Amino acid sequence: MARIGVLTGGGDCPGLNAVIRAIVRKGIDVHGHELVGFRYGWAGVLAGESLPLDQEATRGILHRGGTILGTSRTNPFKEADGLERVQASLERLGVDALIPIGGEDTLGVARRLADAGIDVVGVPKTIDNDLAGTDFTFGFQTAVQIATDAIDRLHTTAESHNRVIVVEVMGRHAGWIAAYCGMAGGADVVLVPERPFDLEEVCESLRRRQRRGRTFSIVVVAEGATPKEGAAWTQHAGTDAFGHARLGGIAVHLEREIEERTGFETRMTILGHVQRGGTPLAYDRVLGTRFGVEAVDAVTEGDVGRMVALRGTEVVRVDLDEALREPKLLDPRLFETAEVFFG
Amino acid sequence: MARIGVLTGGGDCPGLNAVIRAIVRKGIDVHGHELVGFRYGWAGVLAGESLPLDQEATRGILHRGGTILGTSRTNPFKEADGLERVQASLERLGVDALIPIGGEDTLGVARRLADAGIDVVGVPKTIDNDLAGTDFTFGFQTAVQIATDAIDRLHTTAESHNRVIVVEVMGRHAGWIAAYCGMAGGADVVLVPERPFDLEEVCESLRRRQRRGRTFSIVVVAEGATPKEGAAWTQHAGTDAFGHARLGGIAVHLEREIEERTGFETRMTILGHVQRGGTPLAYDRVLGTRFGVEAVDAVTEGDVGRMVALRGTEVVRVDLDEALREPKLLDPRLFETAEVFFG
Amino acid sequence: MARIGVLTGGGDCPGLNAVIRAIVRKGIDVHGHELVGFRYGWAGVLAGESLPLDQEATRGILHRGGTILGTSRTNPFKEADGLERVQASLERLGVDALIPIGGEDTLGVARRLADAGIDVVGVPKTIDNDLAGTDFTFGFQTAVQIATDAIDRLHTTAESHNRVIVVEVMGRHAGWIAAYCGMAGGADVVLVPERPFDLEEVCESLRRRQRRGRTFSIVVVAEGATPKEGAAWTQHAGTDAFGHARLGGIAVHLEREIEERTGFETRMTILGHVQRGGTPLAYDRVLGTRFGVEAVDAVTEGDVGRMVALRGTEVVRVDLDEALREPKLLDPRLFETAEVFFG
Amino acid sequence: MARIGVLTGGGDCPGLNAVIRAIVRKGIDVHGHELVGFRYGWAGVLAGESLPLDQEATRGILHRGGTILGTSRTNPFKEADGLERVQASLERLGVDALIPIGGEDTLGVARRLADAGIDVVGVPKTIDNDLAGTDFTFGFQTAVQIATDAIDRLHTTAESHNRVIVVEVMGRHAGWIAAYCGMAGGADVVLVPERPFDLEEVCESLRRRQRRGRTFSIVVVAEGATPKEGAAWTQHAGTDAFGHARLGGIAVHLEREIEERTGFETRMTILGHVQRGGTPLAYDRVLGTRFGVEAVDAVTEGDVGRMVALRGTEVVRVDLDEALREPKLLDPRLFETAEVFFG
């Protein structure tokens, strides 16, 4: 019997609550642990801001988007005395082990805490599916589905002549969501960060379609896709309030450029955070549940410094370092399959 | 027994196919008419481009978005000898009466054709719900639902601190969709074309929410909403390939301005044509079906120069002029009800 | 400023929480009332089981199915000293007025309490749309949509030869849901309580379809539909644990009878409570919100003994008696429109 | 360049059209093959009933349920001279190779045709996920999602006292759908074919929940689940028009038995073919697309007598025999994970 802290870091991802609920139910009902939730990711650990996590606290959350714990992008190792404050906080609260649920940043912190002797088991989380070490993470299929539903709807407004619709989806460094929803939705062009695109080629493929009698085209673009010919548009996009390059500019840029160059009426859809929120698909709830169960089992067995992962149909444990390798970029063979249907 | 032509004009609207199918089924099975479809709205009438419309042609289309007839913005009265060409085309094809399905433009043409002695019964269509003479039209509820689903998803990404999400929805002249989805989704600010907004007031209401502990806000904005302080943003938005003021700029503008003025992380979702396409809600299929049945009944009874309309729970016939009055702007009492929940 | 009690009675209906939230927000924020919720309908009033209803208690409930207050079928006038106990409870809790949300039973109690001098404003609720006095109630469109979604899915399993699918939907006394989802889904046969059916005629129409090359048919049946030839099947269905005639038997009966009589493979789908639960459509959230606002306005103005109602596009107040007249059966003209598409 | 025949056999499964479209697009656009579709599975092969499959024939089908080719349960090896007729038909139509898409029966035929020297590459299909040799098949996730959506809706009608809802889902021999939707939906009891259940134990677990204050329970039951105590209920269910044991009886049986034994109001939902139809999830469209592409690649490379399969994140080729081993029953470890959340 141990006292285990749980936290969620980084951006929202459908399925987070399924993980939390699973840790709590297996942890309490089966293993007899005590569970503590930290609010707002590592910020809550630093501040010692916690809440008791029991069956009652996790009732009715399985199908809900977001995270009941809140999240933040705080990194204790970027704070003065971060490690010491984390250690002091865990000691004060009597927390024996941590299960952080998050992406590269969150798991990077977990790795360093493990090195400092803290018992940690990580749960990988990335809506973009770009985390190494696991076949898939929860939330990704939900995001793909939301984008696919949008493309489906766009397809039936296809009656007008020579219209192009640009759909911007998530994917900062990796084009998994774009490739999947492009394949599932039957997009005509898919632009991903892994392959800088030539805008003139894009326009030419749209003209070719039009010459073949296709008067309607759908261009799916990942928010992180960039044109080969230099990032004129990124200047246009600028940076956000926190100095990060602002995403969401690429569709605005493409809408104008394509319309100007081809003369085809061009319109855009920017899905934005719609892809991050709301009820997770069953797939992501099951995966999140299995991750949560495995993580608390690992803690129970003292198998720490580890991360749970999906490999084939199995949920396994791998070294935390696995997730911290290079981001998992789009499988070229998958993209090749997608390309069969372009144009 | 007559030979009746059907056409759809203007932008897509979920439920168009339900109207067409209903005209065909009631027209053929019950009244024994012959039905002819014109392709691409009035363009098809001018060009005499038609296809036979029978049970087979309309099988399996009830739940489909778009229109099997295609659509265009062609106005015969803006073409040389337009009226004569319409008359010649109808005569050549032996068409006795027309059922045009469309908005203000399409029904305006219908009105003038009726004046010229052609038997016409109109079916009103506007995704924005801004057509006078009818309580509602098909497609509107579907668009509201799609926007509401998006807002629901956005609501569950509410865990982060001080985030604002701007959701741009349709509504060029009237804010019906914004008001409805704002009420249904629990938006915190709703901006509509009927009420030019003061951007500083919007920011202040977001700051007030933050001071009251609400760290997350949703701003719904109709594409046609404009700031009081002059249209700096419209310059930004520019015009499209056809010289029309481009819509879809307002969210881009708001995202930047709100973030800059409040310092709250601000993100946007632009739904665009997603709202126009895809499977219509049952509500819109039933309404479209009732409209189609009533329209072909009116033609059969020689009750022409008319438009079908919803009044309360009844589908009735009104004069075509009814639809051509001033656009039906947002009911101020409805907006008052919506405002109870703002901020 | 008053202290107002709110309760929900009878079966669940999507939109109940929208009504409660609207009463609270308009009641507190605008009118400055105090709001009290009674748990489990009239049972909570009798027992004095209440909870404070404020903004916090109603946050995040707009899109949720069910009712945060719980519900029951308790009728105080069927309890010993029911009226006296209600009066005593209201007095003890300092409740000045009541807003009961419910169907015929709940509003019947409201009527009698009003006669006894209690300030009451009712909000009509019926998933079946069979309450007189209002054009529509919240929840109905959601139920229709859920049934229509199911029919849509069934339509695409149409490839097999000679298959019949029976879909049982809600509608104990009135066939509104069946007629609406039948029209929206393109059903081939729709059986409603208002029109006892001849099973042999149903089978004959299915055989006719098959002879015309339609190898797939969908039969929508309201749970309260009955065969003309006597209720052999009701014996089969039996009564439930509370002595009420059990619903849900008719599809089982039809599946067997149709298969036996026609030799067509027949399968059933029984939606059951799926139609009552879950996220309400935007339509029902807006209607529920408008009902709630109007109800608390009426209480504030002392316009009691009334019920809110939808008439056309307006939410109005009518006498409570309006809802207690005969149930509102299916409009025969609507059913005539539906019948155009049968067979 | 070859002439390749495609057919779909057995029950509908969301994603079939994605497979067909992928075979056609990769087959024609990339490999330069000619594609022929056989109607109604092996029946169409026997009868030589074929249609040309080109880009036009497969346009707009990606998101549609059902199969544009139709399906049947015909087995040529159960027909007189079946093999000879298949061979003659292929020769007459000049078909060089076959891609049958189907389950155990269809692939069993494929195996025997391969033994007879016909070039065959199979695509596995089972809505129940019970086919060996592949991690998953298309359609399964869609069925799970539909069932999960239903359970989500049922969960919000939880306000009444002591109610049990029985949800019958697909799964004749294997409980994959039940286990997945049970985990995803948070069911309280899940009954699967792999584990005959004790009805009294089920009732006791429902009573235990009630004693712990849970007044609402959801029982998910696979159509093929059976009670330990002998199949009294199967007698009740009887056989269908084709002499097969009728499914769909178990929920009717459970509804009555549970209500009678526990006194809790019990209601049922039977989803039936709703789970088989309609728009496939993105997951299933991507998987179906990848299967189709791989199958036509295999034919092109002469790698025949094979079946495509999912292994981890890869689509691979395995021997046709792989699919014909024992059905893939529910992974006991997965069910163990599910059980953590029961009761």
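We just call them A, B, C and D in the order they show up, numbering each chain from 1.
Basically, a contact is a pair of C-beta atoms (placed from the backbone, for glycine too) under 8 Å apart; a residue touches a chain by one contact, two chains touch by 3 or more.
None of the values given here were measured: they were computed from a predicted structure.
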Under the document's definition of touching, what chains do chain B and chain C have as common neighbours? none
When every step has to jump to a touching chain, what is the lowest number of steps that links chain A to chain C? 2
Please report how many Å separate the Cα centroid of chain B from that of chain D, as a whole number. 40
Could you work out how far the Cα centre of chain A sits from that of chain D, in whole Å? 30
Taking each chain's centre as its mean C-alpha position, how far apart are chain A and chain B in Å? 35
Could you list the positions in chain D whose residues touch two or more of the other chains? 152, 155
Chain D residues within the chain A interface of the complex: 22, 25-26, 29-30, 60, 62-63, 135-136, 141, 144-145, 147-148, 152, 155, 180-181, 183-186, 279, 281-283, 285-286, 289-290, 293, 311-313, 331, 334, 337, 340-341
Can you check the complex and tell me which residues of chain C touch chain D? 12, 40, 64-67, 69-72, 146, 149-150, 152-161, 165, 238, 240-242, 248, 251-252, 255-256, 259-260, 263-278
